[in-house]
């Protein structure tokens, strides 16, 4: 059974997500519906773009990812469908897919315009229901992408998350705090290679790799300086702060069995540095 | 695969919703389970009735909608199953379905009483698990509605949401704030017809239609007066309030990329008027 | 279609749950995914163990229950898969399954170690994705439990929830407040038998049963004393406190159409007594 994932800022209080699923199942009755998140902060396109780039690699490539974080609904912004080797994407043209697109070798995008693949009546406030859900359903039901509308070669691309590589220093920013209060930063992606860390800068496929020694590194965030990049929370005592490589390969600052976001009082955008 | 939707005030912290799904899948293994919402405010029957009336039109008519917002659990209130051309409904007889029923041409209701279609042991506190989930599952598995129990001709009907049409004025009330802080009102349903708005009063199928000019209208809520009913949030500047037709056809007051509920300090029940 | 349930403390803000589902569906495309809860308080292993013991009886015995509340991720704690007559369980070896295991006649446990049934790259921070989700998926896809790794005969067992039976008194503790503010206690499981209550102490299968008269009983919690154990909320007036048998058979203290947790200011661990 094919998969459609859903990513929105609609929350789960109202009927909006359920209605999108009703529309999808009315068109494509045999599909797995998987919620990525509906609790993106309202209209936080960057947060959704990052979440998508972390989730997509774990789904089969024939998955359709439907993402609706859409502050521009009802304006002239385009509706997009994009086919890539990593999956197919449907949503507003506001940069949601730009960090996925930065890492695939090729993609084909179209503007969703063909009335046959929308609901009969299109509102000005809920394109998730009227345009995007039907398009995703028709795609999994076998409609070729090109039938949805004309080619688009210039989708909106967000600037990539900050990562500056200097002499003996890597500089980035806090992107967000996850549910545990772990501070996820833009410095990555790292991979462990024995005792070394290999950095392959995310969203910049041509930028090569560098190795660094995690033990000697110092991580500086606000007025905290942490010695070493650890493998896991358990490498420090309960209640202690720790710098480590998070599950998507980005530097995280956590507190073992606590909340770094609360303890350090740091918000998104705060600068982070690794001193080598 | 047939669909069962679930609508409750159970939240998602506890096992209650998962347990209902276990009961359903034990009886009807091949069914799509779609959550409408589990975050209805505790025991808010009116909110659930309205949500249901907004969601049902987007599901296939053979869907079973299971709704459990049930302040009277364990009292003498009846357990209902209702078949309509728009879908089949299962839940307590407390008005949950009355706004759906107001808009369908015909329906057949029964009281769920037949022990064969309940769990063997029925608690006094969780009929969602013991009575309603099994009934919904047996219905999608093909049990005829009439087998569940005796006919009911007088289900509880809630008063319909307030809408008074006077000389040059439409009067209603704020029903709730959605996740974005948009204030959804009882004045609707509207549809755009070119530059005009057509009002077909919701839940009153015999009441005919009227046309109005959205540009000249003034919308009054608390101490705010808004000129014109717009098509979408993007028709005003960021941070500005706007009156528009929401995705289900009801008048909404929103703030572009903000929360009208927070900015205006308005709660459910506040009166709203459109001056024509 | 087989079922995998998911129980975590991951919340639904981030991509973690969706990613686990992507991993599962990549391995076992035809499976029902049912969320038990993702809002277990962070790292609250006892709460998750109790929830699991309440939910498991309502699922078919060929269900795989995947539970990841894992404060010890990345340390030496084992990864477990356990087959029982009530279902199969996958998760960290920290006691999550101990209250289910206390009530089944037999079980077989293995440590998940075989690299063929993990993701190719195992992180130190997200075993839900890298170890547990793949193991659950391979199990529903037909891989025999014994193939996952060596037998384990000493999984971590939590102390069972407090229940002391004295002369004319039953003593326990508040376990948690549910979404409605109902205070769920460790005194149970009770079953109604006509006008009597039968107590079969939970998690202690060999301890026999006792009968008690609910009318004469007094329930003492903090500075509140309630006369009688009732059948349902409707047995008292709106706003009044009531002691009753909750849907899983444990004593609960509730307030009809209100929140006992808020009104009584009681937290988990507070002692509760039934005076007979």
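The chains carry the letters A, B and C, assigned in the order they are written, with residues numbered from 1 in each.
Definition applied: a residue touches a chain if its C-beta (ideal position, glycine included) is under 8 Å from a C-beta of that chain, and two chains touch if they have at least 3 such contacts.
This structure is a prediction, so every number in the text was calculated from the model and none was measured.
Visitor: Answer with same or different: of all residue numbers used at the interface between subunit A and subunit B, are over half used by both copies?
Guide: Different; most numbers are used by only one of subunit A and subunit B.
Visitor: By how many degrees does subunit B turn when fitted onto subunit C using C-alpha atoms, rounded in steps of 5?
Guide: About 120 degrees of rotation relates the two copies.
Visitor: Could you please state the distance in Å, as a whole number, between where the Cα atoms of subunit A are centred and where those of subunit B are centred?
Guide: Here subunit A and subunit B have centroids separated by 32 Å.
Visitor: Could you list the positions in subunit C whose residues touch two or more of the other chains?
Guide: Subunit C, residues with two or more chain partners: 12.
Visitor: Hey, which residues of subunit C end up touching subunit A in the complex?
Guide: Those residues of subunit C that touch subunit A are 10-19, 21-23, 25-26, 29-30, 33, 42-43, 71-75, 121, 123-126, 129.
Visitor: Would you pull the subunit B residues touching subunit A in the complex into a rising list?
Guide: So the residues of subunit B touching subunit A come out as 1, 3, 5, 12, 32, 34-40, 51, 54-55, 58-60, 63, 178-180, 191, 231-235, 244-247, 257.
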